[in-house]
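Have a look at the structure below, then the notes.
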Amino acid sequence: MTTEIVIKEKLKLRKPILIEGLPGVGNVGRVSAGYLVNELKMKKFAELYSTDFLPLVILHESLTHMLKCEFYYYRGKDNDFIVLTGDTQSANSRGHYDLCKTVLEFAKSIGVSAIITLGGFVEGKMVEKPKVIGAVNKIALIPKYEKYEIDFKDHSVGTILGTTGLLVGLAERYDIDALCLMGQTMGYPMITDPKAADSVLHILKNMFSLDIDLTKIHKIVDEMEEKLKKTQEAYDKMAKDAKTNDDVKYIG
Amino acid sequence: MTTEIVIKEKLKLRKPILIEGLPGVGNVGRVSAGYLVNELKMKKFAELYSTDFLPLVILHESLTHMLKCEFYYYRGKDNDFIVLTGDTQSANSRGHYDLCKTVLEFAKSIGVSAIITLGGFVEGKMVEKPKVIGAVNKIALIPKYEKYEIDFKDHSVGTILGTTGLLVGLAERYDIDALCLMGQTMGYPMITDPKAADSVLHILKNMFSLDIDLTKIHKIVDEMEEKLKKTQEAYDKMAKDAKTNDDVKYIG
Amino acid sequence: MTTEIVIKEKLKLRKPILIEGLPGVGNVGRVSAGYLVNELKMKKFAELYSTDFLPLVILHESLTHMLKCEFYYYRGKDNDFIVLTGDTQSANSRGHYDLCKTVLEFAKSIGVSAIITLGGFVEGKMVEKPKVIGAVNKIALIPKYEKYEIDFKDHSVGTILGTTGLLVGLAERYDIDALCLMGQTMGYPMITDPKAADSVLHILKNMFSLDIDLTKIHKIVDEMEEKLKKTQEAYDKMAKDAKTNDDVKYIG
Amino acid sequence: MTTEIVIKEKLKLRKPILIEGLPGVGNVGRVSAGYLVNELKMKKFAELYSTDFLPLVILHESLTHMLKCEFYYYRGKDNDFIVLTGDTQSANSRGHYDLCKTVLEFAKSIGVSAIITLGGFVEGKMVEKPKVIGAVNKIALIPKYEKYEIDFKDHSVGTILGTTGLLVGLAERYDIDALCLMGQTMGYPMITDPKAADSVLHILKNMFSLDIDLTKIHKIVDEMEEKLKKTQEAYDKMAKDAKTNDDVKYIG
């Protein structure tokens, strides 16, 4: 395995629900997950590293930061919640599988009862009021979720790339129910779409009666935007510099 | 090994013949294999997954589907038959070897007596009445098969890429006879060629006296086409999005 | 592991400080490290090989040379010093992680108390008097180092690619303090920048009261330049010939 | 290890010398090695396969052929000789290292006393009377070999890519003397240069008093050319079809 989870705090969690949101189209997953972490004042209890991440460190305020994902928790009324968010997804194909399997094994080991992954659904055009498209790993889950304004109507065949998709697809083998929520978004790569994130967050708020204030989303997104923009510049640079991991480039 | 075969039903099969047909040039293999599965009402008994497939799930009618290949069986008169078909081949070079070795070990373990792989033979031009080109892994097999209108004449040196070729080439080490049947086809990548598939199916029907109705091929191909087209769009999108598995792309 | 360290001489070192300088932007790291090795008449005690280096040998004066990195040592007053320099960094992403982990395990095993990596900081324009930008793996290290004219002011979010960055980022897990010194440089790939190296060397000289003569840097850089230029031509050729390690190219 | 050597005949060889010639620039290595095999009527005793070769089979006269390299032997007067030749080199970087290490371990195990690799030396222009450039893995070998009209003069820094270079470079660790002979050649990729091969063969003939007739080289090269051309077409097609092993292509 090339993925490693470093546990910072050992926890007993009650039927935890794992919510995943990583960088991706419109950054819908990452913004939504980050908003939950902030609003619910969640605490970090584990970190995830992978040798399939890009071979670099982030430099910020004179400190180096390994690329990583982070697990946060929040003690809810009926369930506890775990949020998985972070800097990056895997930089190569097999790394996605490895990361998802490692996350699912970890999830299983701490008793995760359901997984919800958050992402964007590319529409290719501006969407005034973004709907949230749902996908599940078992048909029996649709009745349970469809009351929350999730669009389960038949969409044309599509694909869900990366962690957001694979985590749901692979969850079946670990006997974990999984739901993917995708906010409709224009689909420019790496341009943050707070509206789509807002749609996704409204559904999560209703579904779990979460005590989060969504009026602040635009203000908070503006702040996150600033930081994300810088990270995105770094990514763009990386993508340009390192194009593939097979290139001969030494920087630094 | 990065390939995994999940057995759904344990079977005793009589001298089974394994017929492989996966996506490829003209989709000749996949269409032919799919037609056999439909016409013979074959039953699935195993699934194949690989971490060398693209890192995504197919979304269809609100359900996520891992990319996979499937093993079906049919009890014949003298032999039982296994069809291996599926969504995809490996997305990288070493994955092809791994997949083929895993399939051959599995085939050996269940007593497979012969392998027939189905594919397209690129002609680069329209072919009115496509012939079927044969290739074998032992010269002694030619007399056995040449009575079935398979073209074993000396063609210029060529290559057979991916599972269709490697399964035949590697079968020798597992002491399994193998035949590759390639229907002549224009060779546009990913455009389904039902005529070439029809030629291949005629040979299989004669060879094994299969009770299949080939008059429906065009109607059935029309229906498959619709679904394949959508999957092909997904593939094209994937190929464009993910170009190589080393790119930094997060979608979903 | 794909990286291998071959120890040529077993040593007892006193609280050694490991200084890394490999090829990269402006060759700042490599030139600085090479200058230290020359001026301090350091002795080689170990070599590092990796199957993630490019698949070739350097031909020089009728001798073949495997691509390698080298460890040199110098007995200082309060500390001993180790310099890690060499021909190349890893040619692919995962190889960088592997190399850095192997180096850190080795460093830990011989009691390395601190790591200093040397590199270039791309400014994208000519820099008359290059400053040296610092990055550390623990915030508590800044007061210790900031007296040495290292610029620890808040720079915009950036990334440090390859060994220079990862060695610092990963050092935390090995409980080793690490500092990265980056001389401001134009940033043309693979064009040696002796001025930036000079800035970096001044800081190292002051920090450790090293007995090195920096007046010779330009003369010595001129000589190194000649050899580096040839190696750079080889690299350019390699990069062109072998572009990625997945290409089909046989040369030689 | 991804490389596998299949021994067909167990042999006791007297101080065998291993001569390697694989496809490469001007096909100098492959043509020279093939010529030796023909002229000396050498017998095959082992085959080499790698999952780092391209994922395809060669189709020739209705038979599939796995890409492979082959070991031939010849009982000489003072030494026995082994020739390693074949269809291909590794299709990726790490595969080159793996193949060379596997060959060297095998060589060591059967008592190989010296290795000679054959290749082309790119001049970038037509060469009327090609010289043969030599490279060794130990400086002490030069006096032993320089009497044979091998050019050991100081050439500018260069690189020797792939098996031809790595086998020599890595041989040192196996304590095996190694010499690389490179015939000067124009350097068009994949265009066979019989003149350069002729130069290399003259040196081998003199060095080992081999009983080979070099007057036939042009005639024999003409015949080999025909076959090589077809294989080269296949390679070109492969290179175009499969560009990198990460592309999504299913052919056949």
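Order as written gives the chain letters A, B, C and D; numbering starts at 1 within each chain.
Basically, a residue touches a chain if its C-beta (ideal position, glycine included) is under 8 Å from a C-beta of that chain, and two chains touch if they have at least 3 such contacts.
Worth saying up front: this structure is predicted, and the values here are computed from it rather than measured.
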item: Most distant chain from chain B by Cα centroid; value: C
item: Rotation angle (°) superposing Cα atoms of chain A on chain C, nearest 5; value: 90
item: Same-residue or different-residue interface between chain B and chain D, half as cut-off; value: different
item: Distance between the centres, which are taken as Cα means, of chain B and chain A, whole angstrom; value: 36
item: Mean-CA-position distance for chain D and chain A (Å); value: 51
item: Multi-chain contact residues (two or more partners), chain C; value: 54, 91-93, 238, 244-246
item: Interface residues, chain A side, partner chain C - complex; value: 2, 51-52, 54-66, 91-92, 227, 230-231, 233-234, 237-238, 241-242, 244-252
item: List of chain B residues in touch with chain D within their complex; value: 22-25, 29, 54, 89-98, 117, 119-122, 134-139, 142, 152-166, 168-170, 172, 178, 180, 182, 189, 235, 238-239, 243-246
